[in-house]
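Here is the structure we will look at, set down as structure tokens.
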Amino acid sequence: MGRNQKTSRLNRFVTTTNNTLVGPATPARSADAEINQQLTAADKLEMLGDMFRIRRFEQTALQYYQAGQMGGFLHLYIGQESVAVGTLSVRGDDDHVIGGYRTHGQALLMGLSMKECMAELFGKSTGCSKGKGGSMHFFAPDKNYWGGHGIVAGQAPLGLGLAYALKYRGLKGCCLCYLGDGAVNQGAYHESLNLASLWDLPVIYIIENNRYSMGTSQERSSAYRTSLAARAEGYNIEWDMINGEDVYEVRAGTWKAIERARRESRPSVLEISTYRYYGHSVADANAKKYRTPEEIEKYRQLHDPLRLWQRTLLEEGVATEAQAAELDAAARKEVAEAVKFAQESPLPAEADILADVYYEVDRQTVAGRTGRHFFN
Amino acid sequence: MGRNQKTSRLNRFVTTTNNTLVGPATPARSADAEINQQLTAADKLEMLGDMFRIRRFEQTALQYYQAGQMGGFLHLYIGQESVAVGTLSVRGDDDHVIGGYRTHGQALLMGLSMKECMAELFGKSTGCSKGKGGSMHFFAPDKNYWGGHGIVAGQAPLGLGLAYALKYRGLKGCCLCYLGDGAVNQGAYHESLNLASLWDLPVIYIIENNRYSMGTSQERSSAYRTSLAARAEGYNIEWDMINGEDVYEVRAGTWKAIERARRESRPSVLEISTYRYYGHSVADANAKKYRTPEEIEKYRQLHDPLRLWQRTLLEEGVATEAQAAELDAAARKEVAEAVKFAQESPLPAEADILADVYYEVDRQTVAGRTGRHFFN
Amino acid sequence: MRRITYRKALNEALAEEIERDENVVIIGEEVAQYNGAYKVTEGLWARFGDKRVVDTPISEAAFVGLGVGASMLGLRPVVELMFWSFAYVAYDQIVNNAGCIRYMSGGSIHVPLVIRGPANAGTNVGATHSHTPENSLANVPGVKVVCPATAYDAKGLLKTAIRDNDPVFVMENTLLYGESWEVPEEEYLIPLGVAEVKREGADVSLIAHGRAVITSLKAAELLAANHGIHAEVLDLRSIRPLDEEAILRTLAKTHRAVLVDENKPFCGVSAQIASIIQEKAFDELDAPVGRVCSLDAPAIYSPPLERIQLPTPERVVEKVLQIT
Amino acid sequence: MRRITYRKALNEALAEEIERDENVVIIGEEVAQYNGAYKVTEGLWARFGDKRVVDTPISEAAFVGLGVGASMLGLRPVVELMFWSFAYVAYDQIVNNAGCIRYMSGGSIHVPLVIRGPANAGTNVGATHSHTPENSLANVPGVKVVCPATAYDAKGLLKTAIRDNDPVFVMENTLLYGESWEVPEEEYLIPLGVAEVKREGADVSLIAHGRAVITSLKAAELLAANHGIHAEVLDLRSIRPLDEEAILRTLAKTHRAVLVDENKPFCGVSAQIASIIQEKAFDELDAPVGRVCSLDAPAIYSPPLERIQLPTPERVVEKVLQIT
């Protein structure tokens, strides 16, 4: 099987024997990058707050899911917060975002309220998808957030299309399209890379490499020489490997790609190393079989992006312990309110099952009133 | 669009200004390769004969197609004969072959008789697919020839499966899977590369790069850095670029890949430069629009694989003009007999429309006689 | 009135809509510089340029998905599939992304996308190239499917499809591209979901879509000439939305129906129509609804055989005689 | 008799066939080391090892196509789709390669392949994961489709499917995996194409497949208890081949039918059955054939809503009351 030559870079914290908190490989360089120098203390605190928001939101969702108050899947982002926070903290207002089914983090950062997200998980009509999409299918196009897609890599061509529309219409901005390390083996992703390069589209594919696709390690699912991102070379696309636990590095790498998209209308592929603490989805009974409890524990202890960022801010003197605790408390409060909102919200009505299928029917246009649209 | 850095190697005869017959770049080396040193004069003549067979077969098919005696498409291989002849001349009896819809050449070399191939084109029941497949769908599994596939790159996973079965069953041999330069942009091909490498499968993907997919040049359809084959690197697969007009080079490169498959059970990707003289299919009314008549003429004059090989044999003193003419005459005779056979053969019977759908029904097994299989 | 081909009618529809709306863009394999594999887009690239008429690599999943994504952000892509048969390499993008995103987003997104191309057997291109997926795609709530039978309908339906705000799949027919019909110079639109009686008759209703309409019209000729049976031919034009009223109307008149389509029979369009008729016109029916479909095997290559694999006027006549 | 779950029954079928025939190999995402996303393959990797139970990357087109190719050369691959919904990224391999190669090769190749996995809505996993493609796939001549409703049927049908020499698509149901039924210890096979009367009755026939059979049985209870109506429940088990005789037999007895399936209605399986019944049992019918399908929208997430989007016993009862 596979003959992958691992780079020490991506996996370096996997093989570390150092028992202390591991810092980024090139802390000085990344932190010194212009995009990071511009950060104010408030900006940095906001990012910490965002990490708390994502984590507390999901921890609470998990409880209600386990209590049977939600259906379907729940793919938790916990452990990966620095990726969403880092990448989206450099996003401009004109940039658009689309991703897979492990994207609560991105959604919350794109301006979706916790209330509408929590309500969606509860299947309520006040949810961001009116209770029709569920955990995998959050949407807020008015906020440049295009989902939430359940089919692995199904979003890759859509992201391409968003970038295409931006370019076609002469609009500013680019599209950030997230996918997993397992998703790179879907054909649609490759077709998309070719088109992105051939047509000079401003799309950035962000591979959140959390080392596993369900129970399958990267080594068991992908053949590669140096990295997954390097496949981009075959399409003449610039790519980068980024240490996901270093928010500065994530920001610097993403910014470079965004600049490339804006200035040259060229695509990029970024592979960001990260880790998920929970199972593939909550129902993943085998969460502990394909990796050791020690591995998970090591990540929690040594590589937790939230703790690492918090420590960075403390070390930089940007935040105090008390400020961090305040941010946490605010996040918890926001979550509690979101739960209350979700619980008190109504379910969709029975008639809603047949709404939102056809635009023309929903608007009761002439087209929507012509011919039979629904059958039984 | 595209920012491809062309290698001079693949396209070197495109840019040549030399007005004489262009020889292979590394004639000494390729001809000296062990696999070529082993060739007897008879072997070399047989290869020339095979080229004549393919060319005369297709030229005649073209006439009957234009006379309305065939239906559907007719994708001619003329101009590319050296690829099929070169690659398949090093094939062992245990090796299997599968390809796309421009594969009459391969079929004829795999032991399908001209008669059954011509009869297939005429839609007769004596055809290699009983008149059910047509030009794109020749089959002869008893001769290790697995088609003839009309969906671009649809054969890529099938070739993988043939290789998988060989390995699983502990059989010798590998699978040669042909596809075009346009086919590399189908997702299924990429998924196949990953699996081939990950599972160490003895499959060789042979990209017949004739520079166009229908009316689209390689530059307009593919983004790449150095070559299409180099995408294999992203999957840690060995790859090679081969000058298709040099039979020796084709043989040497293919042999290396076959050895790799046999000894290491590892896949390869070979990109073989070649050219087609006719339109994409005969019905391609635009055959002359997307490339200049001069370009086509230049290939015919300077790069014709049949003429080049014939000249090599003359220069080597392996063949005389008379011998070459004899081979041509034999090929023409074989074609004439094939046409006669095809013309005199019966059409499938009306009842045959519903045969060959289900194995169990065809054999009238208990399963085939249970329940309704066909509807109306 | 002038007569133009089905191909030309489609071409005019595309040109007019490109001119009318700057967000209309034609995307597909060989649609631009090559003028279209079947020449439906002939001259459009020369006239409207690179931006509006775009050649793609052979990557249906990516460019169909691109069309969906671009439509979400305000474009009106008209994606050509060289054959609808190639939809199968892009099926996930078609069903899940074109078909379900509006719903999953609670109606916050809409997908004003057209996918068009030929969807027919009968040209001896073999089983892989001869699929007719209108039945399976019309199964997907959220999409619309139209199958024009004439040049007039092709133009009017395609124009409407492009202006529609839902994904519309236009299924054409290579055997009709070269046929001519009367088409006015003036602009017109044909609503989706409105069937048309293409021939009046009182004895039996032939209900069809796409080229099967032409087959039905020929059958109606034969029935009148040889059997004194006056068949009404109803062209559904649009499979979804479906003009159920028109179906029931002709049934109320004739009390007998033969459904003709080029689908493979199992769960073909005519299965659905038969199901509707027996449910809603049970008491109107004087005989079981008959169906004439393609013979139930993958498309055969051999030209004379494939001709009879498709519904023929003779088979329609035979079926009519069985139920009258 | 012992009772085992539907999941366990499938697991036993796989284990027995792996043992019986060295060419049977299980291929799919997470089927080996993870024991299957839904645990259908639990323990098989531990017992039979790497060669016989194979984990794949998320590349359905490639590994389904690999299964087709390997089956052509003598293997009997049993490919698991984690959900049949993911068939859409492999649809070309399924329809054109599994479905058409035998025909296009003039019968010189056969494809003894099984593709199996769950094909159902009802677990709130959203529209993309809730497709039921049995109707569309059974449309393809060359393939077979079975939809077991009980553990007993699941085991017997899967074993037969693996031994069958044509491509057989086994569509299971995640909502049934945990349910238990009586299943003998001894080996048995159930032929494809044989329906089963799961409950006798003389007043109306409920004809169903997959989990809709369970719904129909519950409806029959309600009809008996509350309305004194004795419904016969016919489980098709196999969609293609189809036990048409059994359908006509129950119709000849009850003269009324309600068809229940979880497809979306347009061109769903019940459309085809309705079409057959009205054609072949026209004079037997005392009322139009009724249909109860999923409500015609993509699968909704919200759990209480999705429960009623699927056919419920109550809706079946209501439809029966309408036609009796």
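The first chain written gets the first letter, and so on, giving A, B, C and D; residue counts start at 1 in each chain.
FYI, contacts are C-beta pairs under 8 Å (C-beta built on N, C-alpha and C of every residue); 3 or more make two chains touch, one makes a residue touch a chain.
What you see is a predicted model, and the numbers here were worked out from it, not measured in a lab.
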By C-beta contact count, B-C versus A-C, the higher one is A-C
Note, CA centroid farthest from chain A's centroid sits on chain B
So, in whole Å, the Cα centroid of chain A is separated from that of chain C by 40
In whole angstrom, the CA-centroid distance of chain A from chain D equals 36
The distance between the C-alpha centres of chain A and chain B, rounded to whole Å, is 45
By the touch definition above, chain C meets two or more other chains at residues 57, 59, 61-62, 85-86, 88-89, 92, 96, 103-104, 126-128, 141-142, 240, 264-266, 272, 291, 296-298, 300-301
Among chain B residues, those touching two or more other chains are 129, 131-133, 137, 149-151, 154, 185-188, 191, 194, 198, 220-222, 356-357, 374-375
In the complex, chain B touches chain A at residues 1-5, 185-191, 193-194, 197-200, 220-225, 230-237
Counting only contacts in the complex, chain B reaches chain D at residues 96, 98, 127-133, 137, 139-142, 146-151, 154, 156-162, 164-166, 168-169, 187-188, 191-192, 194-195, 198, 355-360, 362, 366-367, 370-375
The residues of chain B that touch chain C in their complex are 70-73, 120, 123-124, 129, 131-134, 136-137, 149-154, 182-183, 185-188, 213-216, 220-222, 285-286, 289-290, 347-348, 350, 352-354, 356-357, 374-376
In the complex, the residues of chain D that touch chain B are 23, 25, 51, 56-57, 59, 61-75, 92-93, 96-97, 101-110, 112, 141-142, 144, 160, 164-166, 191-194, 238, 240-244, 272
Chain D partner, complex, touching residues on chain C are 61, 85-86, 88-89, 91-92, 94-96, 99-100, 103-104, 126-128, 131, 135-136, 138-142, 240, 263-272, 274-275, 278-280, 282, 285, 287-291, 296-298, 300-301
